[in-house]
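Alright, structures below, take your time with them.
In what follows, subunit A forms one complex with subunit B and a second complex with subunit C.
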Partner chain A sequence: MKENAKPRTLNMRRLEPYVWLLPSILLMGVMILVPIISVFQTSFSEISKSGVNRGFNGVTNYLWVFQNATFWNTLLNTVIWTIVVVGLSTILGIILGLVLNEKFHGRKIVRAIVVFPWATALIIQSVIWKYIINADYGALNALLYKLGIIKSYVNWTATPGQFFAWECFVGILVTIPFVTFCVLSGLQSIDTSLYEAADVDGASFWDRLFKVTLPLLMPSLTVSTVLNIIYVFNSFPIIWTISKGDPADKTHTLVTYLYKLSFTNQRVGEAAAVSVIGFLILAACASVYMVMTLRAEKEEE
Partner chain B sequence: MRSFYRKRAALLKKIEEEKNMKKALALLLSMVMVLSLAACGGGGGGGKTSLNVIISQYGNYTQEWWNQFEKDFEAANDTVDLNIEIVSWNDIYSVVSTRIQSKQQPDILNISGFADYVADDLLMKAEDYTSPDVKSKIIPSFWESNAIDGTVWALPILASCRSLFCNMDLLSEAGITAPPTTWDEVLTACEAVKAKHGDSVVPWGLDISTDEGQAAFSYYSWNFGGGYLDASGNWALNSAENVKAVEYIKQLIDSGYCNSAPYTDTRYPLQDAFSAGTLAMMIGPMNMVSADSTVNYQSVNIPGKGVGLGVCDQLMVFKKDDVKDQDARTAAIRAFFDFFYNCERYSDYMVYEGFLPATSDSSDYLASNAEKHKVGGSDATGDSEYFKTFCAQLPTCQFYPMSMAKWMDVRNGVIEVEQQVCQGSISAQEALDNLQASITG
Partner chain C sequence: MKTKKSPWPRVALYLFVFVMCVVILYPYFVMFTTAAKSNDEMYATGGSLLPSVWQWSNFIDIWREAPVFKYLLNSIIVAGGATFLAIACGIPAAYALSRMRFKGKGIFMGAVIMSQMFSPVVLLVGIYRLMTAMHMTNSLIGLVLLNAAFNQAFAIWLLRGTFTSISSEMEQAAKIDGCGTVQALIRVLLPVSAPGIVTTLIFVFINSWNEYTIALTLISSDLLKPITVGINVFYGFNFIKWQYLFATSIFATIPVVILFLCIEKHLVAGLTSGGVKG
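And then the complex of A and B:
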């Protein structure tokens, strides 16, 4: 009896964590897998305008999407949007983080101000910026005009390119605080003795920056960049609020495009196809990252 | 370093988990919604017939009027359990299509457009539930406007009419004494306003946004002599008149007469600007000038052919094969419409929301009795003169060809054409040819 009991308890021990995990595994499985499967299914189905599922229609939805010039333009926009917003906000966020790490009078207040754009709802900021840049009744024109900087009102959003540039600008503005705080927390964990050692070795400001600060910041920067790529790629409110992808669907990213397809044009099947494409792109990015991480981990070992 | 990579992997996992949490929450919420809906459908037992009605939100006070309606109706028909839900225009199409996908469609729906539902065989014929009394009251052109191949599928709930609004003070200061009646006069007036008022006033309001760009296409194409359909009722989107109309829109933008962002400005900020006196002319619905505006304005026929845009939303009834007692259901629906189109109640709703009636008895009644009814959310009463004027304008109005099966594609197509052409990426002729080919091809 005793001999039998021992392996059984051991077995239970080994099983125990899984028993505890079971509810969440179950929940996640149902909550994640079901929507994904349903989107995949929808993307291979013909959905009528009123929402009736007319059954499997092969890759028709995908062909429609790929033959659509707007899709390719949107894809290009999405890449530009992600790279520009994540890239520039990371660079600016690092600079701001370095500045805020220095001791100066009123630093706490400045740090609090930096949080504001992050703490305000995206949609509110987008609406505010939409009205600031409006050419006819926007604050920007009124201000510049009253200051005498411009002689007559400037149309800031005359072309799709200008629209998109403004949207990128707003995107950068709202992303900077997050990078700044990641950088700040990273900076605070750097041991000051490293700087003392660098000083003893006669390192210049740039040496300290590139050989001590930045390498040690890498972990926090990686975290902020990965998070930002996901957030920015999937960001919806800024573009939808400011331009809704117009003029002529030239300022869409994948997320706003699929929203418009689904809810304005009532093309649910095609929208699901775009959604699947976006999912695959992000999944590819994530797996590249995972492979790199695993490889690095192996090398360490 | 190893621990760092582990941490990094853990963090990535956490990111993924967070994303999944959001998805999970969304799904949970939608499940709760579906379940509560199912509960709605199953409820109302005790031998009562339950009717679920979705009404579009026409104003800020729509809910209050329908709450009262629900009470009054249930008091008068104790065998019917009425559930009225008000849904905003922003969501109504996605709400309805989600309900249809989950087979939870309402019994009665108030929306704009019904051809897609007919194509999927979801609607009941209007003849099956309209009493002779209601049918005789509805203005014939409205009754017929909801027909596809001779079969009527919906009832008109209300109408509105779009015309040209001019700020007479701004125009006369610029030396223009009368509202423009031709498209050339519009250009002259715009030039004069621009020369006189500079940046402080926008001469002409234009909305070719995704929200309602098809309205602009209608104003211009109809009044240049073109339109959506040819004489035999086939799509004729690339007619010479339509090309001219779209080129004219481009000319308005290129000359600097319009608001700067016609691609994204919806009608609402333009109406606000007009009410505030910073926009000289725009085409809009009859109730577009805000109540507290001090602008001295005139509302006249749209230049060119003088064709106004009539907007007429519908009430339609969905089939429900799973209901056991179909006769009781039909009777309840008939009672609903009899009650709603009752002259005084229906007229009250028209004054309340500021729209025009689609029945002849209410048109006659409101031409002299509008003062007996209140405007929604205020103590103001209706203005008989207003109903008299605009009810008379209604016959000159044309309507969107909503009974055509491809209307939604055409609607989105003409908006795309306007935006592409005005951006200068394609000529009007080419864009309209492409659209015509994609619709009829």
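And then the complex of A and C:
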């Protein structure tokens, strides 16, 4: 390299990492950051039913949302949906993960079965369950009737509450695999000598579970729980397919509600306001996750 | 858990696993058996567990009833394109993050992690406006770009983990032999990282294949729909052709379940070290 080229090369060197990052930054910048900005901007704008932006209208959209009883019911549903689905799938996923970590006949088959709901499109799972719980010709009624458990067909979705309960059930079922595999991944890193030491101390099954296994699983469980909160909160296909938020808009969560506002009712500005409210709730969760991930990174280094 | 103090916890746990498996498999059982039922049997009262006559012709009829082949092709184009783009952008970014020191690295990593918070559905209002401005509503290219972007965080994270776990000595040796950085990356690092790259490829492919919400919102012409949205053709307002819907769903599900089973082991290893979820 020539002497006089040196300052320029140094400059290039400093810029080089950014060149490597450029494609990724462009892709995420245009496809994610631009929509984020657009949603915030839209939430403070008056958008006509035909989609024309009539300009800044302050917090009108937010006021409309806050004065709407459906919104508050939806918010409550979202909290219930997130807590119930994440909570129960975490408990069931832990148990399943613990058992799958043992050696027994058919373990490989069970592991493969558990992968199924994770790999299948949510929309397809949802459609199947919509069919299963149908009151007139659904598979569940046929099954229970043939088994003699019910005498006549049951309407499984007579009330909004029942609809919502089924949706939570499907949500739990499809979320379990992720927790299970996080637990399996965490269990692999536990030192078996800890169990031998616990045996020497005469620890019972429950002692080993609550005093050795679970505390050591905490890092894996934290990651899976925080990610699940984000993904379950944002989950759209299950509720949209099974009940579309009906009857009477009683089974919405924030994402199905904003979808309906925006693409069925043409209330784009109000839908954007709901999006922003959703972000703010999730931002709290995501920042907790980010801090924890980066801290874990530092410990590794 | 080697010692056997009391057999009951074990028995209870195995029973639990058995029940879980039954509940997980039940919808697949329903999907397969319903797909082979005749239209008359579909809506007959009294219901049936298994089809009285296995109507295998349903699996052939679907290709005539609707452009199922076109839907599958669209899914392959969208998922394949998104996978290629996500990896093509993700590899250099992951390389820079694992091999270079620079200002703003922490900020970039933080932004990548934060981006996982924004699912396409909460951004739909913005995405729709952006795509309208770019004239990409109703376009497969639009779906490719969006799927690639929303899988970018995961791709970068997993690839960076793979690269970091490989020592940079070999690349440095290659550079001494006269290779440029790009050559060292392609000839030395990428072949060694193959398992991690394949896992990332398959995972992004599955996520894009299963994507529903963006495609539902953006694609309006029937012949551009991917399979997840396309199956809605059997889903009329008051008359649903469940048997065709499920027969088609089987074709949409089998390939991704097989792919997923292939990467399951590698995925478990990378799971808790980074954010991974479909």
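Worth a mention:
Please note the rule applied: the second predicted complex is superposed on the first by the 253 of 301 C-alpha atoms of A that agree within 3 Å, B and C clash if a C-alpha of one lies under 4 Å from a C-alpha of the other, contacts with A are read in each partner's own complex, and residues count from 1 in each chain.
The working rule: a contact is a pair of C-beta atoms (placed from the backbone, for glycine too) under 8 Å apart; a residue touches a chain by one contact, two chains touch by 3 or more.
Keep in mind the model is a prediction, meaning the values are calculated, not measured.
In the superposed model, A:Val52 lies in contact with subunit B only, and not with subunit C.
More residues of subunit A are in touch with C than with the other of subunit B and subunit C. In the superposition on chain A, A:Val34 makes contact with both subunit B and subunit C.
In the superposition on chain A, contact of A:Leu21 is made with subunit C only, not with subunit B. By the document's definition of touching, both partners, subunit B and subunit C, reach A:Tyr137.
Of the two partner chains placed by the overlay, subunit B and subunit C both lie in contact with A:Pro219. Using the contact criterion defined above for the overlaid structures, shared-chain residue A:Asn155 touches subunit B, although it does not reach subunit C.
Legend: residue contacts after superposition of the two complexes on their common chain; A:Ile230 is shown touching both subunit B and subunit C. In the superposition on chain A, A:Ile242 makes contact with subunit B only, not with subunit C.
Contact with both subunit B and subunit C is seen for A:Phe263 once the two complexes are overlaid on the shared chain. Where the contact sets of subunit A with subunit B and with subunit C meet, they give residues 27-28, 31-32, 34-35, 136-137, 145, 219, 223, 227, 230, 262-263, 268, 286, 289-290, 293, 297. For subunit A in complex with subunit C, the residues that touch the partner chain are 14, 16-18, 20-28, 30-32, 34-39, 42, 92, 95-96, 98-100, 102, 104, 110-125, 127-129, 131-132, 136-139, 141-143, 145-146, 173, 176, 178, 181-182, 184-186, 188, 195, 199, 204-205, 208, 219-220, 223-224, 227-228, 230-231, 234, 236-237, 254-255, 258-259, 262-263, 268, 271-272, 275, 278-279, 282-283, 285-287, 289-290, 293-294, 297. Those residues of subunit A whose C-beta lies close enough to touch subunit B in the complex are 27-28, 31-32, 34-35, 47-53, 134-137, 145, 152-153, 155, 157-160, 163, 219, 222-223, 226-227, 230, 242-250, 260, 262-266, 268, 286, 289-290, 293, 296-297, 300-301. Against subunit A, the residues of subunit B that register as touching in their complex are 1-2, 4-9, 11-12, 15-17, 19-20, 23-24, 27-28, 93-94, 96-101, 116-117, 119-120, 122, 198-199, 202, 209-210, 259-261, 263-264, 269, 273, 278, 408, 412, 416, 419-420, 422-423, 425. By the touch criterion stated above, subunit C contacts subunit A in their complex at residues 1-3, 5-6, 9, 13-14, 16-17, 20-21, 23-28, 30-31, 34, 42-49, 85, 88-90, 92-93, 95-96, 100-102, 105-106, 108-119, 121-130, 145-146, 148-150, 152-153, 156, 206, 209-210, 212-213, 217, 228, 231, 235, 242, 245-246, 249, 252-253, 256-257, 259-261, 264, 267-269, 271-272, 274-278.
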